[in-house]
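In the part that follows, the structures are each spelled out as structure tokens.
In what comes next, chain A is part of two complexes: it sits with chain B in the first one and with chain C in the second one.
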Partner chain A sequence: MEFDPGLFIGLFARTFTFWWVILPAIFLGLIVGAIPGFSAANTIIILLPLTLAMDPEVGLIFMVALYASSRMGAGIPAILVNIPGTAGAAATPLDGYPMTKQGRGQQALAISFVSSVFGGLLATVITLLAMPWLSQVAYYLFSVEMIVVMLFGISLIATIAARDTLKGLIAGFFGLMIGYIGADVVYETPRGTFGFLELYDKVPLIPALVGLFAVSEAFAVIENQSILSERGKAAMQKAGWSETLEGVRIALSKWWHITWTSLIGLVIGVVPGAGAAIAAFVAYQQSRTFSKTPELYGTGHVEGLIAPESANNGVTSGTLVPLLVIGIPGGATAAIMLVVLQYHGVTMGPDLFMESPELAYGPFAAMAVTYFIMIFTILPLARYMSQITVVSTIYMSPIIISFTLVGAFVPRQYMFDMYLALVFGVIGYIARKTGYHTAAILIGVILGPLLETYFLRALKMSEGDLMVIFSSTLANVLWVALAASLVLPYLIQRRRRLRRGQEAAAGGTTE
Partner chain B sequence: MTDHDEAEKPERKSLGGDLILPIGAFLFTLYYFYTIIDVPRIAQISAFFVGTILIFLLVILAVRIGKEVKAGTADLRLGPLVEPHSFIPTRLALFGLTLGFIFFIEWLGFTIIVFLFLVLAMLLLSKGQNKGMIFGVAGVLAIGGYLLFIVAFSTRFPAGPFEQLMEKLF
Partner chain C sequence: MSEFKLHPTRRGFMKGSTAAAGLGALTLSPFGPAFAAKFPSRNIKVYVPTREGGGADRNLRAFTSIWKNYLGVNFQASFYPGAAGRVGYEKYMGIAKPDCYELLFGNMGPEVLNWVVKKPTFDLNAMFYFGQMDRDPGIIFVGRKSKFKHIDEIVAEGKKRTMNVGVSRLAHPATLGVLALGRHTGARFNVIPLSGGKNTRAGVATGEMDFGALPSGGIARRGKNFRILAIFDNVNPIPDKIKNAVLVNKHFGMDLPPLIAGARAFGIKRAAVDKYPDRFKILTDTMNKVYGDPAYWEVLKKTKVPMALFTKSSSQAEIEKYVKDITAIGEKYKDLLTGKT
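Presenting the complex of A and B:
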């Protein structure tokens, strides 16, 4: 796995010749990413007959392009109508949607596209160069360490919902309890299912996402004629191409922010099972912690939009690392890619890099080329996409309810899942109206089953001793970091308040 | 007390709505604990760990709200949850339509139920105005949805009379 510039140049040149596969995959990915329920994984499954019939290299390029573009597509409805297309975009509306409400939807889309493309591109290039070292990350994280990583995810909620940390934590832990519903992985005992067989296999994520974000939002927005504020409407009427260009300029001026938040995504993506949702929230929280203006986060702050978008695109190449290097898929889409490649007789692992470097490095070249083509194809569309926000809620609300509820049905094809989405809609509506964070509940639902699995594994190994969670040095370091992540923002905020108070007092004395 | 005094008195926060989700979370946690009574101890530990932290957080919230109510700065009205009151009937009607949408989709199929739901919900929200526009938008979206999801993506949405007719025709 040594660096060979000639190989990479040849690979990139060759990948560009597959533009005829990449282009349709990009548009398909953007559409399926933007519709809740239609993830890249589902679409690749639907299109399996097509990908299996393709040459392995072409099939892989198609899947990778669809995967990368769906990640970007998921951010579009998150920004415009507060409905993330996938869980990976759940942190995007935190600042993206307030920008839309202010009539800056077009600008927000441009910022999101540039952050996604450069974040994704950068992570892909770094992955190519650092593949041998990155692949080692997964080896150091066992059940005990993963428990802390999962709790880290929940601790982020406290800081994300900083207007009321306690409510943020309650929402997150309530989400975790919901995520615990179903049969446990070791003893297969059903718990908290209310007798519904459909819940034995855990709470499905798409109905939770649809209910908490889409249905609750649709019920909430009917109070107003438009999702835009009066000032936002005026700004939208004036908006022209310059808004897109301004968005590009703003995003490029924050190149360093894009860089480090996409690296967070890359590293988290390498850990199997962690995923884009965690990466986006971690990046958002870190961005706010180190910001000079943390109080602006959640109000339509540019950096609050850049962080999750570049991080969740950084994850995309990260999830492919364990797949290609050790044959462990980092997420659902990577798992399906594994199935397709195994069908073609391709064996993952170190040998792949020696025997078929075009297949081993090919996905990253395909991803880089996809991101490169995407910036030219999607950026001009920002102006037209943002027009959706001027549609009256009289039309918008019923459309959101009907189409997203059907989206909840798609993954498992149970009628029950639509009712479940409605129940989550009620929970989400109450949460919105009373100041509990819907994103906090969702991340709890995502992390619940993972946390429980790692807990069970750790406890099995220690024969039920709970102190096992403090048994590893790395885990203990992570515990300290977790505690610091909860306490530091509070201390920094307190220090800032004190300083402002002192400055105000000094100003008063001078006067 | 004069009108002037009333005006100067700070408005009390309505925190009753803030308790609804925590009460639901508390009851669900107790129910969850009940369902794991008979499972092996190892399988109980993580649920008790998370559930106990949740209950601890709920107690802190209850104490915080209790203090505010006692101090007279808050009361237990539902406040923002039900405001503005004028929208409660519309919202309940929309909820009823949504339940109907899910209930009837099995028999009527995706295209017909989407059309009916869109027409009824849009008429409800527009208070019966723009009927022509509403029927047009609903028709285009229902047919567009059918073409995109069922024809193009081959998604197995619930099929009804319309989908069956189309399948026979094409």
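Presenting the complex of A and C:
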């Protein structure tokens, strides 16, 4: 796995010649990513007869392009209509959708596209250059360390609760309780399933996601004529190509933000099973922690949109690292890719880099080329996509509800999941009307089961010793970082308030 | 639950895309027209109690890609993962019609053990297995970087400290083997269920687990990443792939039955066979032809799983004996599987 510039240049040049595969895969990926319930994984499964019939290299390029573009596609409905296409885009509407409501949907899309492309591109290039070291990450982040990583994401609940402590915490714990429904990971004992077999495998994420965000939004927006505010409508009427260019400019000016949040995604992506949702929430939480204007998060703040989008695209190349280096897929899509590659007789592992470097490094070259092509194909569409927000809610609400119910059905094809999405929609609607934050509930639903899995695993390994959570040096460092990220913003805010108070007092004295 | 239609071969795809939709399945099969008027006249649905992408998915695709040629219809797999297979079985027994058009495809060992640990809501005698595809024994394995080179070193270490063992799930023949070995030797083995083979391999490869226990096939074909140290069977089924492993019974003087951890087979409702014995006969007759079809073995070769692990025929008596043995040993070690000791 040594760096060979000649090999990489040749690989990139060769990958560009497959533009005829990449281009349709991009459009397909954007579409399936944008439809809730569909994902790169289930699309690749549906297209297995096609990919199995392809040459392995072409098949791999097709799958990688579809994977990367679907990740970006999931952000589009999250921003425009508050429907995250996948769990990985669940943090995107926190600031993306408020931007749309303000009539800045086109700008938000452009920011999202640029963040996704540059975040994904950067993570891919770093993966290529640092593969030997990155592959080691999985050897250090074990269950104990992952507990703390999960808590970084879950601590977002506390951040949300900062606005209304009691309601925020109630919503968060309610979400965590929902997340623990299903069979436990050790003895497979069903808990809180109310006798529904469909809940034995945990509360399915997509129905929860689309219910809490999209269905409840559809219920809420029907009360108004448009999802746009009055100011938003005026802004939309004036919007032209300049909005897209302004979005690009804003995103590029935040290059450092894109860089470090995509690296969070990359590192979390390398850990098998961690996934884009945790990366997006951790990046959002960290972004807010280090921001000079944390109070703006959740109101349509640019950095709150950049962080999850660049992080979830950073995950994309990360999940391929364990697949290629130790033959263990980092996520569902990578697992399906493994099936296809095995069918063609490709054996994963360190030897692949020596025996077939074009197959070992090929996915990363394909990903980089995909991102490169994607930015030119999708940016011009931002203006047209954003027009969906001017559609009257009389039409928009039923469309959202029908689309999302189909989306809820697709992953498992249970009618039960459609009813579940409606139940979550009602819960979300009540939460909105009573001042509880749906995002806090969702964080609990998504991250609760993961936290429980790592926690129970660590406890079982230590034979019930709770102190296991402080048993490793790396975990302890992460604990300190977690404590600091929770306490520091409070201290900084306090210091700023004090300084402002002193300045005001000094100003008053001068006058 | 998600579904796929089983068309895994290049030829299958080409045919499917060029032939007229209605005629394709019948005209392309030499046996299709003969059976089309009787049974089966429509696709056969298969309930799979695990996720896509695992061993059951792989084997089912391979088998049905040939079987469909003899039956003249396609197979439609539906995946119902959850609660160690319980969801898939309960769904099958709850909603499948007893007409031989709806089958189940599972891994007998873990799933039979699951019922030992937790009784199902349906009568276990209301279904039975047929058409076993593989016979893959449970093994003990370590990662490439592990310091353990022999099972004796693991047992010795287990007598000094509690060792963490990655397993797919608690109710699993390979897990049972590890627990029985620990009880026999006095070594302390703490089994950690990691929810599937993929996660178990990851746990062992990264060193979080001291060692792991799984079926042999998935580990043997990744020989460069792992070392197999012990086999829970009375013979080494793949001596060319597993070179320095011991047979647990022989090495430690134990009398465990063969702990076949990968024993995938089809399942069917007894009521379907009672009601339509002629249909079941068509199923088993055509299934037997698959075992003898060279094209089937070509498909299996592509899976990279050692060929010796696939059965060359299926014996109903052997299946019944296997289910009985696994149930008996499950009952014997039930306390260990349920964490009650």
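Here are some notes:
Keep this in mind: the second predicted complex is superposed on the first by the 502 of 511 C-alpha atoms of A that agree within 3 Å, B and C clash if a C-alpha of one lies under 4 Å from a C-alpha of the other, contacts with A are read in each partner's own complex, and residues count from 1 in each chain.
Keep this in mind: contacts are C-beta pairs under 8 Å (C-beta built on N, C-alpha and C of every residue); 3 or more make two chains touch, one makes a residue touch a chain.
None of the values given here were measured: they were computed from a predicted structure.
By the touch criterion defined above, A:Ala53 lies against chain C but remains apart from chain B after alignment on the C-alpha atoms of chain A. Of the two partner chains, neither chain B nor chain C is touched by A:Ala366. In the superposed model, A:Leu324 makes contact with neither chain B nor chain C. Contacts of A:Tyr414 after superposition on the shared chain: chain C is touched, whereas chain B is not. By the touch criterion defined above, A:Met385 reaches neither chain B nor chain C.
Of the two partner chains placed around the shared chain by superposition, chain C is the only one that A:Met461 touches, whereas chain B remains out of contact.
Contacts of A:Ala110 after superposition on the shared chain: neither chain B nor chain C is touched. Of the two partner chains, both chain B and chain C are touched by A:Tyr187. Judged by the document's definition of touching, chain A residues 46, 186-187, 189-190, 413, 460 lie at the interface with chain B and also at the interface with chain C. By the touch rule above, chain B contacts chain A in their complex via residues 17-18, 20-22, 24-25, 28-29, 31-32, 35-36, 39-43, 45-47, 49-51, 53-54, 57-58, 60-61, 64, 80-81, 84, 87, 90-91, 94-95, 98-99, 101-102, 105-106, 110, 113-114, 117-118, 121-122, 125-126, 130, 134, 137, 141, 145, 149, 153-158. For chain A in complex with chain B, the residues that touch the partner chain are 38, 43, 46, 166-167, 169-171, 173-174, 176-178, 180-181, 184, 186-187, 189-193, 215, 219, 222-223, 393-395, 397-399, 401-403, 405-406, 409-410, 413, 415, 418-419, 422, 427, 430-431, 433-436, 448, 451-452, 455-456, 459-460, 464, 466.
Here chain C touches chain A in the complex through residues 1-4, 7-10, 12-14, 16, 52-53, 57-58, 78, 81-84, 86-87, 90-91, 94, 114, 118, 162, 164, 169-171, 190, 192-195, 198-199, 201-202, 205-208, 221-222, 224-225, 302-304, 338-339, going by the rule given at the top.
By the touch rule above, chain A contacts chain C in their complex via residues 42, 45-46, 48-50, 52-53, 138-139, 142-143, 182-183, 185-190, 197-198, 200-202, 272-273, 322, 326-329, 332, 335-336, 338-339, 342-345, 347-351, 411-414, 453, 457, 460-461, 463.
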